[in-house]
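What follows is a single structure, and I will ask about it in a moment.
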Amino acid sequence: MLNWDWDTKEKIICDINELKEKFPVVNEFVLSADREKISILVEIEYKKVTPCINGKLWENVFERVCYPQFSQNGNLICLVLQNYEWTLANNDSLIEETFDYAWNLKTDINGKSIAFNIKKGDSYGVCLDGNVWNNLFFDARDLFLSPDGKTAASYVKIKNPPLLDIFSSKEGIWTVGINGSTWDKSFISVYGLCFSPDSKKVTATVRLSQQEFTVAVDGILWNETFLNAWEPIFINDNDVAVAVKVENGWTLAINGKPLWKIFNQLWHQKVSPDGKIAAVVSTEFGKWTVAIDGKPWKKTFSQAVLPPFFSPDGKKVAALIRENNLWTVAIDGKPWDIGFDRIWSPQFSPDGSHCIAKAEKDGVYFIVLDGKIGKDVFDMLWEPQFSPDGNKIVIGCIKNGKYIRKVLTLSEVLR
Amino acid sequence: MEQFFLDPSIYTLARGPLVWLAFLVFLIGMFYRVFTTLKMAKKEKVIYPYLNLKYTLRSIFRWLMPFGSISMRKHPWFTAVTFVFHICLIATPLFLTGHIELWHESWRISWWALPVSLADAMTVIVILCSILLIFRRLYQQDIKFLTSFSDYIVIILVALPFITGFLAHHELLLEYKIMLTIHMISGEIMLIAIPFTRLSHMFMFFLTRAHTGSEFGAVRHSRDY
Amino acid sequence: MEFKRKPVTDIGIDETLNRVDEAKIKKAIDWVLNKETSARLKVFVETCMRCGMCTTSCHHYLGHNNDPTYAPAAKVKQTIWDILNKKGNVSKEDIKKYARITFTECNLCRRCVQFCPFGIDIAYLIALVRRMCCLIGVVPQYIYDQVLSHMQTTNMLWFRQDEWLDTIQWLEDELRAEIKNGKIPVGKKDAEVLYLAHGLEAKYMTGLITNMAKIMNVAKVDWTLPDTDGWDYTVKALYAQDFETMGKVIKTHYETAFRLNVKKIIIGECGHAFRTAVYEGVRYLGWQEPPIPYIHGVQLFYELLKEGKIKIAKKIEEPVTIQDPCNIIRYRGMGKMLRYIVAQLCENIVEMSPKDDHNYCCSAGGGMIDSGPPWKTARIEGGKVKAEQIRNTGAKIVIAPCHTCHKGIEDLNIYYKLNVHVKFLVDIIAEIMEIPEEMKP
């Protein structure tokens, strides 16, 4: 269970230096959402690996541990290799089924469902909540879990032409596998799989030929095809938006109809809680910015603009940008006036008035609040998170070899 | 110009109105060619953002300097011939006493002129180089393969004003005035042809070198010469 | 002189042509001429004076006994000029000829561009014709198979995701035999460096990954490999001029780097991938320059040696020579860095002539080796110049910091009996560098 403690100022949770003295290999640090737990993989000796949570080792040991992560209910889950077979470990207990390989471990936002890609013999598929798909395939790539956790999807290969049989491959050998069944049609390429918010629909971009791309929703193709297309998203339970290439550039198409003006490039469209769409656009060659409902910010950036995101109320839009070899955050078109070697995706306070991020310069980590650098520096820092009232933040950090959970008021960040 | 109206003849036509026409077509045509090229280059998106003055100049300098590039050093004879050819081709008409007199007559401007004997020699050089270039096209296998009929026409277009100029000057073959008329008309045809044939390379050279020079120097950090 | 070639069958070209109609051919050509080209095509075609200065710059011309049909401008004449003269109304036989010339008789090395008085970008013109062929679907079978793999898997050889992960895991086990507690991190968030591998390294040349891991461990670089598709840096779509696939692959590489929050991407010794990732790919996507630094193996080794992060225990004494891969030397000016590295590793360096950015192509690049067995003879014949260059140095080792050069020269070595060993920098460094006592198992 998670424990959102917003009162205790500082908790020293784990002495990492101590672990480093005890074990020859100590790595892969992951935190629970509430920052109360840290899992570290320790190698007791060669081929004897186990997670160590807040300093306490699991009883099981494994040859390998992969994808360690805390689910939303606070349990550590990971895919493990034991006696040359892969399986899922959840909170130090293993599921019965074993696999020739297992990867891409995912949980849903409630932490109830767990899914991963699996290989059994020469067949590929997905294991969702301990149940392997009834149908397995020649290949399964990437894993997508519906918001309600009840449906898992993967790109699957349904025909297996011999190597170099280009004509069969060109007819389409890939499709979407959903809970073991597939779409009727197969494609040269299928990508950008996305579930609708109500978990009922699935969309993906499909490639029909060299220059014919379109979007499929539950396996049914749009009538329109485009010269190229990136990954689609659901903007509500029914409508799909995707960046498409038309004759003179890129635009945003909704349900097959191009709507926005033409840009030099357009991708990473996101939808706000109140239905606005923001996307990264290149207004002209080498100039990047964010456009909201088709209207770009005035200021453009030369090196990179990462996917935009909205404040919880949908009023503000922010994106990470890179200019003059430094990263920073731009909110509503205005970049912070300091740049960093690296910056991580920031978080808006619940009312959208503040924005906080983790950043790095010259190998040290610090917090940045509204474009101002926090006083404290850390050997390692995880992304900070606002309290529900927006007055405090919680961070997990490593200082002097110890993992510490801290709660800070906004004024304490800058001090 | 007035001469033509006073005494309309092919000679005065070629000496007056046609000269103006030729210069106009040449200048406007070339301006139009360069302008449309620059406009089209914008459509390509990836030309202008990479242009770099330093490397454009480096590139042009290297290729206007005799033996400034590895390519020229590998082809010493051809390089020598083309440089002499181009220098004589441009300098002779510009600095010819007879031509300057015409400028003076119309515009009251004049400048330094080549000694007549030197100009004469340079004319012969252009003619000889043209013959060499034609022979090269006829007998060097790789160039023969590339050459089409129009390539000979272009050389002849260029050589003709020099041949006729030479003949007129020495009053050979035809009567002076007739040869001079042919000389003027051939010169005018050449000028008019520049914007519409491969001869436009005299301007396009600077554009292509700007692009390639910038790509090699500023983007790829290597040499285009 | 006429275009005379021994017949070669490639189903990617011949069989595809059996399946398409003239309308599709015309459509593809018109598309490229009207929608994808503008000033460059027009000016390059109209400015070429047919002077022949480019002729002897081309190793295919020299390697085929000065056959004029192999000269750079001749290849342009027989393809794009021909298409323009015919106003796009070309036959299937024409397309077959264009495909043969552009895919298997030109490496897009751009040496001829350095020899053209006008700087006409001949490789660009040749690539345009490849693009037309690609839109028709006419691409050598071996290239097309790899491109089809890229389209879905991002990697070039239909590698499954578990195969990649499993490979890295057992390579880490192997690394442990040489480096105490050595790690090959996969999907490690916030690492400084994202390292991408060559598709072939994951399947057939795994030693290269282990050796790179050895160097990264000794130099204490904070690195990671991707745990997702996008681990393979190759982009064979470049060879086919399949921009759609190329764009998707390059986008995947950069987005993988953004997702893992790394500072830069490093790749190993490969030419075309570097070129695509810093030029063709990023330009297609709309970036003027790579959005984050994209570092080649040569740059990496230069920095590690210069900063003393790796030290060399014993230099190689046998005579070595250096192959300058077009895509990182003529295309990126890394010649000096490469020579600095080799001077740190070897006692006795004998340079080829010409060298550095004027070096001849290995005759394997630009898709020629990827065109596969049907076109091997074309490549070997074109490599005659390179073989002579190597033979003249008397070197016993050829250092070729590019997968394509490496394999191409290995083939030349056998055919022309050069008696050399072709080596990657990573293999030499891993072999002769100092391993600190505490890192020995």
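Each chain gets a letter, A, B and C, in the order it is written, and its residues are counted from 1.
As a convention for this text, a residue touches a chain if its C-beta (ideal position, glycine included) is under 8 Å from a C-beta of that chain, and two chains touch if they have at least 3 such contacts.
These numbers come from a predicted model, not from an experiment.
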{"item": "Middle chain, criterion being Cα centroid separation", "value": "C"}
{"item": "Two chains sharing the most C-beta contacts", "value": "B-C"}
{"item": "Between chain B and chain C, centroid-to-centroid distance (C-alpha), Å", "value": "41"}
{"item": "Separation of mean Cα positions, chain C and chain A [Å, integer]", "value": "32"}
{"item": "Whole-Å separation of chain centres (CA-atom averages), chain A against chain B", "value": "63"}
{"item": "In chain A, residues with contacts to at least two other chains", "value": "264, 285-286"}
{"item": "Junction residues of chain B, two or more chains touched", "value": "46, 49"}
{"item": "Per-residue multi-chain contacts in chain C, two or more chains", "value": "288"}
{"item": "Interface residues, chain B side, partner chain A - complex", "value": "45-46, 49"}
{"item": "Touching residues on chain B, where the partner in the complex is chain C", "value": "37-38, 40-41, 43-44, 46-47, 49-50, 59, 63, 69-71, 74-75, 78, 82, 136-137, 140-148, 151, 198, 200-201, 204-205, 207-209, 211-213, 215-216, 219-225"}
{"item": "Touching residues (chain side chain A, partner chain C) in the complex", "value": "24-25, 27-28, 43, 46, 64, 66, 101, 103-104, 117, 119, 124, 139, 141-142, 155, 163-164, 166-167, 169-170, 174, 188-191, 207, 210-211, 213, 227-228, 230, 247, 264-265, 267, 282, 285-286, 288, 302-304, 306, 322, 341-342, 344"}
{"item": "Chain C to chain A touching residues, read off their complex", "value": "11-12, 15, 19, 35, 134-135, 137, 141-142, 144-145, 148, 151-153, 158, 160-162, 165-166, 169, 176, 181, 183, 185, 188, 190, 227-229, 242, 244, 247-248, 251, 258, 261, 263, 285-289, 291-292"}
{"item": "Contacting residues of chain C [partner chain B, same complex]", "value": "1, 38-40, 42-44, 46-57, 61, 66, 68-69, 71, 73-74, 77, 113-121, 279, 283, 288, 329-335, 354, 357-358"}
